[in-house]
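Here come two complexes built around chain A, the first alongside chain B, the second alongside chain C.
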Partner chain A sequence: MEIRYWNKEIETADREKLRQIQLQRLKSIIASALKTPFYSRRLPSVGIHSPDDIKSLDDLRKIPFTTKDDLRQNYPKGLLSVDTSEVVRIHTSSGTTGVPTVIYLSAKDLDAATDIMARSIYATGTDKTDILQNMMSYGLFTGGLCMHYGAERVGLMVIPAAGGNTKRQIQLMKDFRTTVLHITPSYLLHVHSKLAEYSVAVSDLALKKAFVGAEPHSENTRRKIEDLFDIDAYNSYGLSEMNGPGVAFECVYKTDLHLWEDAYIVEIINPKTGELVPDGKEGEVILTNLIRHAMPLMRYRTRDLAFLHKESCPCKRTHRRLSRILGRTDDMLIINGVNIFPSQIEEVIMKIPEVGTNYQICVEKQGALDRLIVKVELYSKIFMGEAKQIDNLKAKIADELKASITLKPAVELHEPGVLPVFEGKAVRVVDSRPKL
Partner chain B sequence: MKIKQISIFLENRKGRLYDVCALLGKNDINIRALNVAETEAFGILRIVVNKPDAAVKALKDAGIVAKITDVVAIEVDDRPGGLTDILKVLADEDVNIEYMYGFVEKSSDRALMVFRFDDVDKAVNILKKHSIKIVTEQGVREL
Partner chain C sequence: MAKQLHIFVENKPGRLKTITESLQKIGINIRAFAIQDRGDYGLMKLIVSDPRQAHLSLADMGCACALKDVLAVSIPDRPGNLHRLLGALADGGINIIDAHGFVLQPNKQGICVIEIENLAQTNAEQVVRKAGFDVLDDDQLNNL
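== the complex of A and B ==
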């Protein structure tokens, strides 16, 4: 198999060389972090007053974890190291409440992130002759724009189709001879189920590859996608807090995802104790971003569960491979690629006077796609006797939820006392999707 | 001249209509008129009963969402065109009917119908002006 490298020197650097790069970049990130309100309080509290206090990579472990809650409490600018005049882009992702998580990128940060994205794309054997249809949502979500920039850097022709409108997507694939898709696995399966409806056969398309990500999926799902479309599907991993989809990517061997260790320091920990677990053992993924200075983020608790492979890859890249995401340590739901916390839904429901405080969140499969149903109970005193009022209320709840979580759920109104009453929070969520 | 109608919010669950009717029966309440407005997910059951206040209390005690609204019960001549005559009067006088439905039993040779108007008072005045017979609360109790 032909192996092509975007940056051979870095991608195949020996481990010692990689560690040197990490140490030098970490010191530089510390310098930026000390300019932020958040880290300028936190780092001195553990004895780090300047980059020189980091003598070796082991000193990273002195730095406390940064959590999503830290980001929420320091929203919007507590982790910003530069004046906003130096910032060229922001992105956000879902917070556990109405407060989102925001990241800032300077021109240099964006350039570095784009380069890592380009490296990821190139590692799959994709090159400038390819045509990418980017079917992730554009906007505040990193998945659309960050992939777009990386693909342009490699020189692909990019079709910024964004999500939705399956008929138009299929038309675009046909008309422009799309060779590569960037898409969630569930949407890709949905697209297949629609081909017949539009009288299009897989053989009418020019597809060769798909970059699938933004939601966990199994090896079986990948195989199914590959068989149905007769393509290669490459798994991708990333999160907004770490600049989006290029954190780790599969190479042509498709045996899990090279995590770009010159750009990120990865640790896998036992989520309960915070202790490191050895390679090969499952734990929570902790990431330190080494290429973003406008908003440094160190030892970030992703809440994603995965493990690092011990064995090297035949592609000769020295960057360790991260497994598929095996689960979460929190109650975040991933619904058609959108991250949603049950607490976000709760926050919205509690502000609507026409419904009671009891609610239930149900997630199910409808064909290939996920379906979110929010069940609430009608507050009896507000009922005016008309069906129109009920319909309007359902529409209002759906609209307010969409404003907060970005996707529109189905809303069910029930009679009071019908939904089960729970003490805890987790049991309010009924996820009946098949297990991975 | 208005009478009380009870609107009940019911989710589409098997046996739910039966539950409500059984509850009313147990409380010695007679349903005089009944209508169900259904959507895919829920229904609004509308009833006129002989003892509306007792009915609402029984329903609310059982945790059922119920609301009293004012409607008008009209006697319609039980002959071809009997209803049309009344509808024409209302249309000519620009009275908007939200919905209407029939009583369960008949009063002699006249059919009884429940009308819900967006402006009940205006509707009552117009009906009176045209000498259309309206059934009173007392009348409903004595049916």
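== the complex of A and C ==
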């Protein structure tokens, strides 16, 4: 198999060399972090007053974890190290409440993130002769734009199709001879189920590859996708807090994802104790971003569960491989690639006086796609007797939820007192989707 | 003005029965009923012997229900009369949300219960009377 490297020196650097790069970059990130309101309080409290207080990579573990909650409490600018005039881009992702998490990129940061994305794309054997149809949403979500920039850097022709409108997507694939898709696995399966309806055969398309991500999925789902479309599907991993989809990517061997260790320090911990677990053992993925200075983020608790492979990869890259995401340590739902916390839904419902405080969140499959149903109870005293009132209320709830979670759920209104009453949060969620 | 009891019911087996059962327990007589189907829920609309009592009792049970003013129009049970009534309302620019009817005495009298949009702001009652129909109030409706 032909192995092509975007940056051979870095991608195949020996582990000692990688550690040196990490240490040097970590010190530099510490210098930036000390300029932020958040870390300038937190770092001195653990004895880190300057980059020189980091003597070795082991000193990283002096730094407390940063959580999504820290980001929420310090929203919007508590982790910003530069004046906004130095910032060229922001992205956000869903927070556990209506407050999103935001990241800031300077021109240099964006350049570095783009380079890592380009490296990821190139590692799959994709090159400038390819045509990428980017079917992730653009906008505040990192998945669309960050992939777009990386693909342009490799020199691909990029079709910024974004999500939705399956008929047009298929038409674009046909008309422009798309060779690579960037897409969520469930949407890709949905596209396949629609081909016949538009009288298009897989053989009418020029597809060779798909980058699938933003949703956890199994090896079986990958195989199914590969068989249905006769393509290679590459798993990608990223999160907006870490600049989006290029954190880890599969190489041509498709045996889990090289995590770019010159750009990110990865630790796998026991989520209960915070202790490191050895390679090969499952735990929570903790990431330190080494390439973003406008908004430093160190030892970030991703809440994703995965493990690192011990064995090296035949592609000769020295960057360790991260397994597929095996689960979450929190109750975040991923619905058609969109991250949603039940608490976000709760927050919206509690502000609507016409419904009771009891609710249920149901997620199910409709074909290959996910469907979110939010069930609430009508508050009996406000009912005026008209269907129009009920229909307007349902529309209002759906609109307000869409404003918070970005996708529009189906809203079901129930009679007062019929939904099950729960103490805890998790049981309010009924996820009946079979595992992908 | 006649009162109709509107009850929000979700579309699942047994819900209507719960309502009728509760009303039966307190001796309420259901004179007429209709169900407006809205997909995943429905509105049960009842003409009952004691609307206020029925409303209080269901509200106590936690039901989402409301008393609504409706036009209860007495119509001679003969061909063309409903058409004439609807024509008068249409000519008056009065919008009907929902309606149901029942025959009280075959070939003699029928009742049409009409829900009017923004009833209080319209002259619907006058329009109907002017067209030659009787509009029944609560007591008249109950004493039929």
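Operating definition for what follows: the second predicted complex is superposed on the first by the 435 of 436 C-alpha atoms of A that agree within 3 Å, B and C clash if a C-alpha of one lies under 4 Å from a C-alpha of the other, contacts with A are read in each partner's own complex, and residues count from 1 in each chain.
Operating definition for what follows: a contact is a pair of C-beta atoms (placed from the backbone, for glycine too) under 8 Å apart; a residue touches a chain by one contact, two chains touch by 3 or more.
Just so it is clear, the structure is predicted and the values come from calculations on it, not from any experiment.
**Q** Would you mind checking whether chain B and chain C clash or fit side by side on chain A after the superposition?
**A** The answer is clash.
**Q** By the touch definition at the top of the document, which applies to A:G385: first (chain B), second (chain C), both, or neither?
**A** Both partners.
**Q** With both complexes overlaid on chain A, does A:M1 touch chain B (first), chain C (second), both or neither?
**A** Once the two structures are laid over each other on A, A:M1 reaches no partner at all.
**Q** Does chain B (first) or chain C (second) touch A:V421, or do both, or does neither?
**A** Touch partners of A:V421: none, neither chain B nor chain C.
**Q** Counting only touches as set out at the top, which of chain B and chain C does A:A196 meet: first, second, both, neither?
**A** A:A196 sits against neither chain B nor chain C.
**Q** Does any part of chain A touch chain B in one structure and chain C in the other, and if so which residues?
**A** Looking at chain A, the two contact sets intersect at 378, 380, 383-387, 390-391, 412-418.
**Q** Which positions of chain C touch chain A when the two form their complex?
**A** Answer in residue numbers: 6, 8-10, 15, 36, 38, 40-41, 43, 59, 62-68, 97-98.
**Q** For a test of understanding, state which residues of chain B touch chain A in their complex under the given definition.
**A** Of all residues in chain B, those touching chain A are 5, 7, 9-11, 37, 39, 41-42, 44, 46, 60, 63-69.
**Q** Hey, which residues of chain A end up touching chain C in the complex?
**A** Touching chain C from chain A are residues 378-380, 383-388, 390-391, 412-418.
**Q** Quick check: in the complex, which residue numbers of chain A touch chain B?
**A** Touch residues, chain A against chain B: 378, 380, 383-387, 390-391, 412-418.
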